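Two complexes, one shared chain (chain A), two partners (chain B, chain C).
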Partner chain A sequence: MKQSFRNTLHSFAEDFRLDWQLYLLLAPMVIWFVLFLYKPMYGLLIAFKDFSIFRGIERSPWVGFAHFEVLFQNDMFIRAFWNTIAISGLGLIFAFPIPIILALMFNEVQNAVAKRWAQTIVYLPHFISVVIVAGIVINFLSPSTGVVNLLLTSLGFEPIYFLTRPEWFRPVFIGSSVWKEAGFESIVYLAAIAGVSPTLYESARVDGASRWQMMWRITLPCILPTIIIMLIIRIGNLVEVGFEYIILLYRPPTYETADVVSTFIYRTGLQGTQYDLATAAGLFNAVIAFALVYSANRISRRLSSTSLW
Partner chain B sequence: MSSFNLYSRGDKIFGWINAILLGLFVLSTLYPFIYILSASLSSGAAVTSGRVTLWPVDMTLAAYDRVLSDRMFWVAYGNTFIYTFGGTLMSLAIMIPGAYALSRKRLRGRTFLNMAIAFTLWFNAGMIPFFLNMRDLGLLDSRFGIIIGFAANAFNVILLRNFFEAVPKSFEEAAKMDGASELQLLWKVFIPLSKPAIVTVALLCVVSRWNGYFWAMVLLRGEEKIPLQVYLKRVIVDLNSNDEFASSLLTARYSFETVTSAIMVASIIPVLIIYPYAQRYFTKGILLGGVKE
Partner chain C sequence: MSALHKGASVLALIAAMITASPGLAQETTKIVDDPLELTIHFHFRDKYVYSEKWPVEQKAAELTNIHVRNVASLATTSSRDAFNLLIASGDLPDIVGGDASGGLKEDFIRYGLEGAFIPLDDLIEEHAPHLKAFFDSHPDIRRAISGPDGKLYFIPYVPDGKFSRGWFIRQDWLDKLGLKQPETPEEVHEVLKAFRDKDPNGNGVKDEVPYFAREEVDAIRLINLWDARVSGSERYGDFAVYDGQLRHPWAEENYKTGISHVAQWYKEGLIDKEIFTRGARAREYLLGNNLGGMTHDWFASTSTYNDALTGKIDGFALRPMLPPKTVSGQRFEDARRLQVQPAGWAITATNEHPVETIKYFDFWFSEQGRILSNFGVEGLTYEMVDGKPHFTKEVLGNKDPVNAQLWAVGAQVPRGFWMTYEYERQWTNKIALEGIDLYEECNCLKDEFLGVSLNADEKAVFDRYWPSILTYMTEMQQTWVLGAQDVDTGWDAYKKRLGELGYDKVIAVMQSAYERQYEAAR
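Showing the complex of A and B:
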């Protein structure tokens, strides 16, 4: 046993000597992952400590699950948790189907030039930063000069202060996210549609099927596996709600419907420097995310035989 | 399509309804861009009184004059170029050699390393530990911190590695016969053969660097170091609620709305320039990386 271990070690050293160039190429990336992704995982310990930035991680005393107890009694955290689920859930219902519908519609366009132009335009917002999207939203919804309120007042309605009204936050957030991403997300479904065998359509046409029937009976069932995979990915990423965009759009009056766990962490940790409490909230978030992504991957592996990663 | 006659009347109506609905979606995607452009070219008075809805009114370049004469705008623009190019080069310099090494079957610990990298797709330490780690490394308020701190990610490494793995063995064997070293093999064989994957990853890096604001906002303190998106965020989001600032900008020639529109247009233009390339490679890349290992 000892002998074979020594042999392994020896052959490893030998490999390393002969193949040092390969390990040299690998080294910077391994160091980067350790330094910037794995070392912070050690920092998660402060979720269980009374952390002070002057004492550092090691010398801060342990407090067990005290921060989690505080969190689960904190109304603001509980609200953030339910808001996260609500915003993700609403996105699943209202935003998820739109790229599918778009792809089906693109597929029915006969004129290749018009199709390409339309695609080029609807993919574009994906490449625009969330800061600009937020700027456009703020501009459009401005109560005095925004085009939306100009339209409302010209139709005889009162102007609405959208960004300060809690009941409007989610529609505005989800609607503008659809504007930004739905076009680009349709690419995956278009690729699936491109893979549908043309003979299916030909034989359906011989049987006298209409385009509407072919869309419902051929195209949609054929891309169903892709839809299911995308749905699973989406559920796996339920905790990720685009908080970088929320931070730009929410204000104290809309926190009750807009504040999610990640924005809560940002405010308590980075703006309020309660590092330990915010880390506990982050760990809670990450564990849920991990469980969701892990089970999503297991399910998709069973369903489609190709795993996601 | 030669099968024109095959369509019944119902099919034609279906086609028209489809075209109209899709056209509406396309127009509503386009409208905000047109509006922002028109607002930036209109007079402040025209926008504040709500006379601009589609085309510019009282056309003027006053807002651009105001933006382009702001020193901070140029500082932020320059910083964004530094972060975009520096960051992308750093990403490629770290990830290409690393992904190449991982693609070699003979590499020791390969399975373990692949799992350790994929694990970071599923689990990461989160905002606060990452921030404190950057602080411990002395990378707060540092340009180098922004460039190095976000240089790699598992998705791009996996995408590159898969591509390198698909390079036929015969190329490698031929080069080895000629006595090529590992570095030469990577440089002269693998990189040229994997151009689509490398361009895709480079474009992913460029776009995420150009558009990224969150960590730059959190990590950078000095005014002189902030990128364009953080500058935009300060002007558009933070100052919008600040009426004093907004009214200080209000003159007959330009207003808060026309100035912010002009800044947005100026920051979108480079995106539009690389967009034709980006679109082509992204549509490939998204399919390449997504459902494969």
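Showing the complex of A and C:
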């Protein structure tokens, strides 16, 4: 055992002597990871302490799992947790396929000018700040002056006060997120489609395949690995819902369906300055996320032999 | 040290030139013989820091020989962040002060107990006659800002004046429709219905918004008509004192009655449909477009719309009115000005000159210090007329608000000082002053709940249960008003749920803290 360790060390030193330039190139990234992703993990200790910013992490007393107990007995946290899963889950079902469909559709557009125009138009919302998007959504859905409600009233319906209706929150949230991000997310798939070898299409054309068949039999299977990777990443983010956008859109009457873990952390941790409890909630979130990614990766490796690692 | 001497003498010279009035040759206010420099962290209103360049600070330095040098960075747009970062760094200056979102009172006490700030009681007793006199004559304020150990950890910013918000109504609309100012809940109902139906703005469209509000706390203010309270203090959703018992207004039986009527009125279109979402621009938009009929808001700023909109809207007259009588026939105003702000300044444990510092704090509560902190520098912002400070014509006639001009010279900033209402009266709109006189005569303010300091055990209970309860109560409040659930059918479940969420436990710790803090002395 000791022998083999020494051997490894020795060969590494040899390696380093030969290829030190490569290691030098690697160094900035490693340092970045250590400084900004590994060092902050030390702060997770806050979740197990009665934390005071004046005493600091070192001098704050240990409390074990007390904050986790408080958390799991807190109905609001449990509700926020399930809301997070629900919003992400619905997003996965409804929002995930849209960029793929978009990319396939772009691929079928023959006119280069039209294609470029269409792509630019669907990318654009991605570059609008989320604050502005929320402002647009609020104005569009306003019960007295919003376009949507003016349309509804002119068709003879009662205006709906969308932003105060719990049942409307998720459709509004997911719908506007799709509008904002779908175009940009389709870039990845477009790149994957561009990588499909043209010879496959040529031979299919010789065999008399229709465009529908080519898309279904060639394009989709070829970009499947990309789709799977994106899916795994998405599953890893299942417990992460961007809190800025929710905070901008939710109101007390919609908390029931809109309050997610990150907004819960924001309210208790930053507004209520219970940093320890908020850290515990964040840590719990991270553990769940890790478990999800790990299992998604396992399943994918078994079923399709595509995996992140 | 010599550089400081030089700087100080230059400052003194400038200050002397600004205020070259021989009448002010006072008895010595010098605290130290040689100039003493104290460092301060003072970040406030999310965008200002203490400045040596303020004429007020220069005058104070000249009078006391204590020079206060700011160490807070301007490079943040959050006073809360600036304060937290300072505490977390552990590198504390001599004085920490200012304000921050959520207030600094609990921070001063909490970190005081942990050893960041020193208790001030003995220092005040021995070295600060003006502060001592102030606290002796205001025992409730002293109790309100004491820690759970009964000690003072900071000197607060003490506002003056009793009234903050009141009821306002479009008097010209009332006159046009031949109505009187409403005196009872039924009359309020009639007036609001008339505003809705009889087209008082005369544009032929039914677009009037009978009752509207700019801030959350006023959105459900109409529950007052059924004796229910919105909050026990100017802070939103605060506890209230009912005959010595601390409870939350939103768990009271009269709240059920009040909120169900408000929900009914909302449904009838008497309350702004977007009452919870319109936000800060509600007042400007609804008054400016001749749509809003009645509201509950701050006296001073709401009255100014009478000037701003004359000429734009024919006959515009938004007048303050007394609170209508409630169903039980009494008259009360729910809102009042905070008697003490959760802002001010404290002495850190690393300060080597605590005695000089408390004397400096004391200076601001002296006659001279009060005028300086309220009105600015003589000759620059005010003149003495008949022995009383009056703002100069330039200040009153300037297009910037007077308070903004005063901040720029270092007056009316949230240091530990005692405001005088006279400062505000001199530039408050005549209509607002009439309203305030009306309310003064009515004498119908409720007692303010001044807040409690929880000890560690109480705080643990409070932190564990209260945030969820408050979230739940707010959620149900809006759900009911917006009509998604009926109050009568939902109330029992609501009360039961509050019990499950730990309402009684929170009330118990609040009550024990309240008795420790206020009752013992009585």
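Methods note: the second predicted complex is superposed on the first by the 245 of 309 C-alpha atoms of A that agree within 3 Å, B and C clash if a C-alpha of one lies under 4 Å from a C-alpha of the other, contacts with A are read in each partner's own complex, and residues count from 1 in each chain.
Just so we're on the same page, a contact is a pair of C-beta atoms (placed from the backbone, for glycine too) under 8 Å apart; a residue touches a chain by one contact, two chains touch by 3 or more.
Keep in mind the model is a prediction, meaning the values are calculated, not measured.
In the superposed pair of complexes, A:I138 makes contact with chain B and with chain C alike. Applying the stated contact rule after C-alpha superposition, one finds that A:G272 touches chain C and leaves chain B untouched.
Contact comparison for chain A: of chain B and chain C, B touches the greater number of residues.
In the superposed model, A:W212 makes contact with chain B only, not with chain C. In the superposition on chain A, A:I227 contacts neither chain B nor chain C. Legend: residue contacts after superposition of the two complexes on their common chain; A:R251 is shown touching both chain B and chain C. In the overlay built on the shared chain, the residue A:I100 is in contact with neither chain B nor chain C.
Of the two partner chains, chain C is the only one touched by A:V70; chain B is not. Judged by the touch definition given at the top, the superposed model places A:F54 against chain C, while chain B stays out of reach.
When the two complexes are superposed on chain A, the residues of chain A that touch both chain B and chain C are 53, 138, 142, 144, 251. Here chain A touches chain B in the complex through residues 12, 15-16, 19, 21-23, 25-26, 28-30, 32-33, 35-44, 46, 53, 102, 105-106, 108-110, 114, 118, 120-125, 127-132, 134-136, 138-140, 142, 144-145, 147, 150, 179, 183, 187-188, 191, 205, 210-212, 229, 244, 247-248, 251, 262, 265-266, 269-270, 275, 278-279, 282-283, 285-286, 289-290, 293-294, 306-309, going by the rule given at the top. If you check the complex, the residues on chain B that touch chain A are 1, 3, 6-8, 10-11, 14-15, 18-19, 21-23, 25-26, 28-30, 32-33, 35-36, 39, 47-48, 50, 53, 93-95, 97-102, 104, 106-108, 113, 116-118, 120-133, 137, 148-149, 151-152, 157-158, 181-183, 186, 207, 210-214, 218, 229, 232-233, 236-237, 240-241, 257, 260-261, 264, 267-268, 271, 275, 278-279, 282-283, 286-287, 290-293. Taken together, the chain A residues at the contact with chain C in this complex read 52-56, 70, 74-76, 138, 142-144, 161, 163-166, 251-253, 255-256, 259, 267-268, 271-274, 277. Note for the complex: chain C touches chain A at residues 84, 87-88, 90, 102, 110-111, 114-116, 273-274, 276-277, 463-464, 467-468, 471-472, 474-475, 477-479, 482, 484, 500-501.
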